[in-house]
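You will see two complexes here that share chain A, one where it goes with chain B and one where it goes with chain C.
Moving on, here comes the complex of A and B:
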């Protein structure tokens, strides 16, 4: 057969070094110039089975940037006897698994404490009737997390396949811990509900913010076609709730904070307020980062704030 | 590591709130090696510099971290220019971590004044720090500015005040013990509690020192240290009279004072960049017996106070109330003892151990006495 001017060359030997220690680990054989980084990772896994590709980060320099799975060796200038560095990212867990643990946990935990179990309330658990406010709060909490579970399954598109296992432990502690803290107070026999006016007004606000948050998630989903890595500036669509994009970069976080403020007003419960603030702090950090990266990537990025219209 | 005989080129630096630029004055650079790490910059090259055609190099530890991935450099005919992106948008009072600046590192005054890459919202950052430009120019030319001297005087006086306070505590406690033996322990709080109160109140300033950059060290660490002691003293001891006459108070105050009697002199000297190797050794060694003892005595105070706070309900908030908020102080104390006490002690010891290695080296203290 005729040879094309750009031949597929054999890469006889590729030396793999440990990115953390800088020491030589092993050599890989039988790769080609058209092989990808993913092929390199699979080859590494053949020698060290515990290192599945999702757990590896491959770099050209010891402390260099991570290479993409789809990068072709020839395009990176890698030839036989070239050096590559591999970092072990530690045990990984799929994002979807993490989200289910983080959302199903709080939902079920709250519903359990709603039953006023003896473990939290002792014998006084059933000493007073459950107020309408407490019922509604349980409904809202369940609705919020059920919505999140459904969105994780059907709406969100994740850019990474996995995340480090330690994050699961850290995030679950946060979510489950705060759930128990808030649920304990709202479902307590001595819980004092606010006026009905306050209850219903806050409930309306809560539902509005939940719908707003959902609208933003849908808009973001439609922004990027499946499988594409294209980044685009989000703009409002036909849903009036998405108008908030004109004011902030991350309106989903704005609506989420709104939901929790509404929940706090609905229950007039200080622990719920603390939960809202803690969530706001974390979301503000994410929003500011996202906002900064939008401004960096797009020269014509519109005048917006990150999370609070006109403020932050 | 850079050899001590490596020639250093002249390096001029400037910054915006998010970047640091360096200009290395070397002409006709060959075989350049630029190693950009998160907080280190290692450079070497052959080129024509102040000492003629030689090999030049340097190794700088930066004030804060940068993002090596977003930083770049270029080699030009007459100099090498580096543009480093800071990991966090903030102003750096100096380029390197060390307060002592090498003579070959200079400020690029031209770049400082003529900001070319200002975005719409940016302003000349010099306006944010009135007097700072003058201060840096003064430092550059070798005169200590008035503000710098005042700061040192303040820190010196602060550390001196605390040192004197704890000397008083130890002196009174020792005198009473020498006179009355173990029977003196009961009256410890009565005799020195007020001075402890004063010193521990003033200690909250240390958080401010860290926040404003007057001292090195993390704000979080300062908060944990001062906050932890604060809760023990102001809530658990001053909040419960029955605790104040227990012998553990004598032991606790003793350990706290001994720690401070080493820590404050060390800081006193450091204000004027003086280091006595014995004091440094003490500072980084005495924690080995004293910190665990401190933790244990604090634990004893907490443990014995739990039934008292159960009884008095002090610092606790009960339901029902308007804000639907309940707080049970004794439960918090129990949780601390059960879940946080040992991990916290381990973390603290580990942290001090690494600090010790960093400061004294694994066995270098032996060499200091050789």
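Moving on, here comes the complex of A and C:
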């Protein structure tokens, strides 16, 4: 489908090179001009059984862009004796598993520490009543991660089916570690809540930012209809929260940082501030990359910053 | 690579060795002194002569070979010294911030020391393997050049 009506040509030999070292790996035989990159990956797997297709990235150039599984060899200009590069992405894990570990984990861990278990607080765990602020903070934390789980299930569209296994350990250490660190302090028997004015103002800001973040996720989802590979510049839609697109390329990160700043002010807790800063650092790195990539792909890209309006 | 090494040295030197005199009788102290000293003499000679582009092969060889013994010896020394500080750190709770306070922050130096020691478990193999890879890259090449 999509190819001209002509003879399907044999691709007698396809040479595979290692993208990392540049060295020759093996030759593939018996492919056709109508074969896809996925067929190439399966053929590679027949010779190197550990490399299941999800673990391979195929490129035309050694340091070139990744090709899609559905790309047809003829359309890519590949003929017999052509060269392709394969990168081993390492052991992979399904993204749904990852997100459960990364999002459900922190949610449940926080709720457990919220009970002031003996393991963290010893016998003094129940020496004082839980403040309203602590209750609200637990609610906000749970809401944030529940929202993430739902978005993962229903909103986000992922370009890759899997991610490297090492990332799971790295990300979980980060999420679970910080969850324990923040939760220990906010749920401590000697935790000192701020004034009610500060508590409620920050709670309002938190909810606003959560809604903002969700609005951006929805706008990004609608930007690309399913199945299309078209890249488009995101613009504000009918939701006023999306106006932030006029100021930054990645307003979802801006709102997320806003949520965590609000959470920090709500709890007046330094560890929460550290968590907000750590998250901001990572999101800024991502936003700057995304921003650069937008500017490269679109000559008419509007004047925007990456993550902080007017600043960064 | 450099950051973990500098950080671990500073941690062992000031918050541990300088703060807790009880650590001075640990076997770890002479171990780490020997390991650090030998390493540094070779390392800085290497850096200096490198600027002049006059590094004798024997120095390169020593720099990328002695670590095989000196790294584990140094790490053992560091861990023994920190371990020697545990009882005093637990008892005096020095360098710690407790609840309650305005920023709802706490820091328990004793637990920080424990985490510091646990970090050696992933970090040491990583750094050690990295040195072996460097060794292969640097010494492997000069062998080829000789041939």
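Rule of thumb we're sticking to: the second predicted complex is superposed on the first by the 261 of 312 C-alpha atoms of A that agree within 3 Å, B and C clash if a C-alpha of one lies under 4 Å from a C-alpha of the other, contacts with A are read in each partner's own complex, and residues count from 1 in each chain.
Methods note: contacts are C-beta pairs under 8 Å (C-beta built on N, C-alpha and C of every residue); 3 or more make two chains touch, one makes a residue touch a chain.
Treat the numbers as computed from the prediction; the structure is a model and nothing was measured.
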Chain C versus chain B on the shared chain A, clash or fit after superposition: clash
Under the stated touch criterion, which partner chain does A:188 make contact with: chain B (first), chain C (second), both, or neither? both
Just checking: does A:299 make contact with chain B only, chain C only, both, or neither of them? Give me first, second, both or neither. neither
For A:65, using the defined touch cut-off, is the partner it touches chain B, chain C, both, or neither? Pick first, second, both or neither. first
So, A:23: does it touch chain B (first), chain C (second), both, or neither? neither
Can A:267 be said to touch chain B (first), chain C (second), both, or neither? both
Going by the overlay, flag which of 92-100, 146-154, 182-190 or 344-352 in chain B ends up clashing with chain C. 344-352
Do any residues of chain A touch both chain B and chain C, and if so, which are they? 184-186, 188, 190-192, 267-271
Which bits of chain A are touching chain B when the two form their complex? 63, 65, 184-186, 188, 190-192, 267-271
Of chain C, residues touching chain A in the complex: 99-106
Per the touch rule above, chain A residues touching chain C in the complex are 184-186, 188-192, 267-271
For chain B, which residues are in contact with chain A within the complex? 37-38, 68-69, 319-326
